[in-house]
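Both of the next two complexes hold chain A, though its partner changes from chain B to chain C.
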Partner chain A sequence: MRLLTHNMLSSNIKGVTNGFPLLIEAEKFIEKTVDFNPDFLKNMYPKIEWKALVSAATSMGYNQLPEEVEPSMLESEEFLKKFHHALLELHLEEGALICPETGRRFAVIKGIPNMLLHEDEV
Partner chain B sequence: MPSRIAQIKLVSGHPEVYEPCDDSFALVDALLADRINLLEHRPTVCMEVGCGSGYVITSLATMLGQEGDGHHYFATDINLHVVRVTHETLKAHGVHAEVICDNVASGLERRLEGMVDLMVVNPPYVPTPEDEVNIDGIAAAWAGEENGRTIIDKILLIADKLLSERGWLYMVTLTANNPFQICGIMRDKGYASRIVVQRSTEEESLHVIKFWRDADVQGEGKEPTSTNKTPSASVMNSLLSQLPRLPFWSSGS
Partner chain C sequence: MWYLCVFFHRLLDYRRPEVEALAQLFGAFEDGDDKNTLDWKLPELHHPDSPFHLVNLPSEDIAKSIANRSILVKGIYELWGEGSSYEELEEAIKAYPEERKLPYLASGTTFRIIVDSFGKAISFQEQNERIYGFKYIPFKGRVNLKNPEHKFWLIETDEYGSNNGLPPVVQRRIFFGREVGAADRKLLPTYELKSRKYLGPTAMDAEMAFLMANQALVTPGKLVYDPFVGTGSILVGAAHYGAMTMGADIDIRVVRDGRGPECNVWSNFEQYGLPMPVSLLRADNNLPPWRPGLKEVFDAIICDPPYGVRAGGRKSGGRKLLKGTVDPYTVPDDKRLDHIPSTAPYSLAECIHDLFELAARMLVMGGRLVFFYPVLREDGSTDTHFPEHPCFTLVAACEQILSFRYSRILLTMVKKGPYSEDIAEAAVKMHLDFRENHLKWLEDGKLHSAVFSPNDSQTASAESKLNKDSKPKYRGKYV
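So, the complex of A and B:
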């Protein structure tokens, strides 16, 4: 599971008002190279919750992202490469995503998050 | 010559996972036939709901390209065995999609709203008695209730939420699902539609329908309410006028 996916996942449990971002419990993570495409990154940037990405990356051992982004940074290849690395190349293989409100754990096994809700959570 | 779609011999299997069949092939053929349009359209976020063996999402990622080309893929399915098989199929073909085990897209719905440029769906659609819907295992792949519409209707609601302004949806339907009515429902939500592939076998008639947002469609008045819910004359004419042109408008394909 990439951090782009993590940035797009929220807890949809009944009654939860703020299910984003899910906290990451990382047991095993790896890095996988992905082709760099600056346009794709600039396209995605407005939809990314930056603070959530920064803390997710930190939980995976990557601390190179700036805490805040100035618009001019989007023209810097150096910044875009760090953004690219955090967003697409860090993979959570084993662990869990945790609902910030209820503490409910969604397991991540072999890189696949299981977001299925139980009957009483729907 | 490199393959543009998934190769059957590389598609993983599992007793609980729906093997690619006529409906999967029809959907991939529809996408392949529209490949030039799809490439020009440059969908950034692409999604398959109900990924089964992974045949469709793998074919899609193979034919359009990956992140380097500006495309990112998500695939979801309610069955844990399915998502693992999809993952294996993708890996066997050297392509990547983010695979998530979920009921349609419940975990993605909020954040991905209005962001999906391309959605493909081969829903469970075989009409079954109500008690078979939402059961576990491989039967979930084909149980769709009454005229097979429960899950289709749910997926259409979610698709409307997730699709971007320029989002395209390709969906496989059976005649028994009443595709004209589906098009009518989508028209009320502001979508134009076109049957892009039609196949008839001995057992069923499949239609792959493409939907896209169209301001002109939205501008037209609402259908007059009627108790038997027949589609409007203009929807019928639009769809019927396309049928004689289809080269495979006959039994077999």
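So, the complex of A and C:
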């Protein structure tokens, strides 16, 4: 699971109001090289919750992202490369996503988060 | 300018919409213009199912791009002449403006002439005779059979007295033109399902997956989502055209486990050297796990929803829903960690509702929703009433007949209206109604029984029909 996905997901258990961002419990993470596509990054940038991305990257051991961002930074290739690496190249292979409100674990196995709810959570 | 567009004789309903989608992709329509259809004509006395169509395109570059990317276009040609006999053809070619012809005939160029036919076979010797018959065209260039600069096509159709798959209204017609662009169908054998490593019972045919990607206007860097990803067969088509892909499925065995370490959704992309999906997840389309506030992220949503004929849909909350809310099912605390949640059947109406809700919220403006919708066929024709949503405008509906009783229609819709609070509220109300009246909605979706065990009256009428006139020879949309 890449951090792009993490940035889109929340815990949708019935009654939970603050299900985002999910905390990352990493047992195994890997890095995979992905083709650099600045247009895609510029497209995605306005849709990303930046704080959540920074903290997710930190919990995966990557702390090169700036805390504060503004759209003008998209002109900098150096920034885009870091953004690219954090968003697409860091993979959570094994571990879990933890609901910040209830502590419910959503297992991530073989890179695929299991977001399905139990019967009494819907 | 008008071009001759020759199609492969397949998926007849899908041909014009594909060209129109690609025309949009390659900028044939002006920005801000709501028009997204092209002007079409048929050759004299031709039936709409004929493979020969005339289409008006703004430029040769666009015509070439469309032909090269298309799956169903065999070729697009600048028509130099047509006629119902070789004498008429000669007259027409001679009358075609010199300034359009001479640049392609000049010395120093290379060319070849290809003889093709529809509905008949022309022997090698006859082909040569026909080529030598073109002495009246002043070709100054050299012949190059392997790699010519210009390809000229002579395409002949037959007089149809016989029933060779077309209605008998097609008249003999001969076309001669210069090839502007031709399709690359080599990619179909490469991607064909029989060599695909990981397959499921409803894996999407490669040709159809490419068509769906074309309808969705997939280009490099676009983000495409399939909420019923299965073995990823639809996303493979989108990834081939450079899309970033995301997929979800409710069945963990399909998305995560596959049939072993080298036989799963990931390996299907690896097999073709395509970039891996950006994300695969296990999620329920009925209760999607997107964070609040997330919207307008996907450029296209392409899917084949489970409509309960070959594969049935499932959603969360199985036992609880089936038992009703009086005695809710609770998972004991010590079993929570390894608990495998049960799922409940998912009616088609609810599934389509959820798909619209997802697409209305998550597609960018102008983004496309492309999905299959099943319809029952009664009296041989199909009901043309399709699901609607205030955010979406229907662009194309292409029917593929699957059996005597039902067919599936590929619907292409564009998001034209913004996702407003009113729409969100209405969707929540509808969602609750589906939950409360789960069993009633399930009964309403009787597609499976209608297809596999129709009631007596239907059988009777079908049989009497069969007896009356044996199956019609012409089965247009089957091909």
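Some points to look at:
Please note the rule applied: the second predicted complex is superposed on the first by the 122 of 122 C-alpha atoms of A that agree within 3 Å, B and C clash if a C-alpha of one lies under 4 Å from a C-alpha of the other, contacts with A are read in each partner's own complex, and residues count from 1 in each chain.
Assume a contact is a pair of C-beta atoms (placed from the backbone, for glycine too) under 8 Å apart; a residue touches a chain by one contact, two chains touch by 3 or more.
Everything quoted here is computed from the prediction, not taken from an experiment.
Of the two partner chains placed by superposition, chain B and chain C are both touched by A:V34. In the superposition on chain A, contact is made by A:D120 with chain C only, not with chain B. In the superposition on chain A, A:H85 contacts neither chain B nor chain C. The intersection of chain A residues touching chain B with those touching chain C, taken from the two complexes, comprises 1-2, 4-5, 7-12, 19-20, 34-35, 37, 39-40, 43-44, 47, 49, 88, 110-117. The part of chain A that touches chain B in the complex is made up of residues 1-2, 4-5, 7-12, 19-20, 34-37, 39-40, 43-44, 47, 49, 88, 106, 110-117. Here chain A touches chain C in the complex through residues 1-2, 4-5, 7-12, 19-21, 32, 34-35, 37, 39-40, 43-44, 47, 49, 88, 105, 109-120, 122, going by the rule given at the top.
Chain C contributes residues 220-221, 223, 244, 246, 250, 252, 255-257, 275-276, 278-284, 287-292, 294, 296-297, 316-320, 328-331, 336-337, 339, 341-342 to its touches with chain A in the complex. Of all residues in chain B, those touching chain A in their complex are 44, 66-70, 72, 74, 78, 80, 83-84, 87, 96, 98-103, 106-112, 115.
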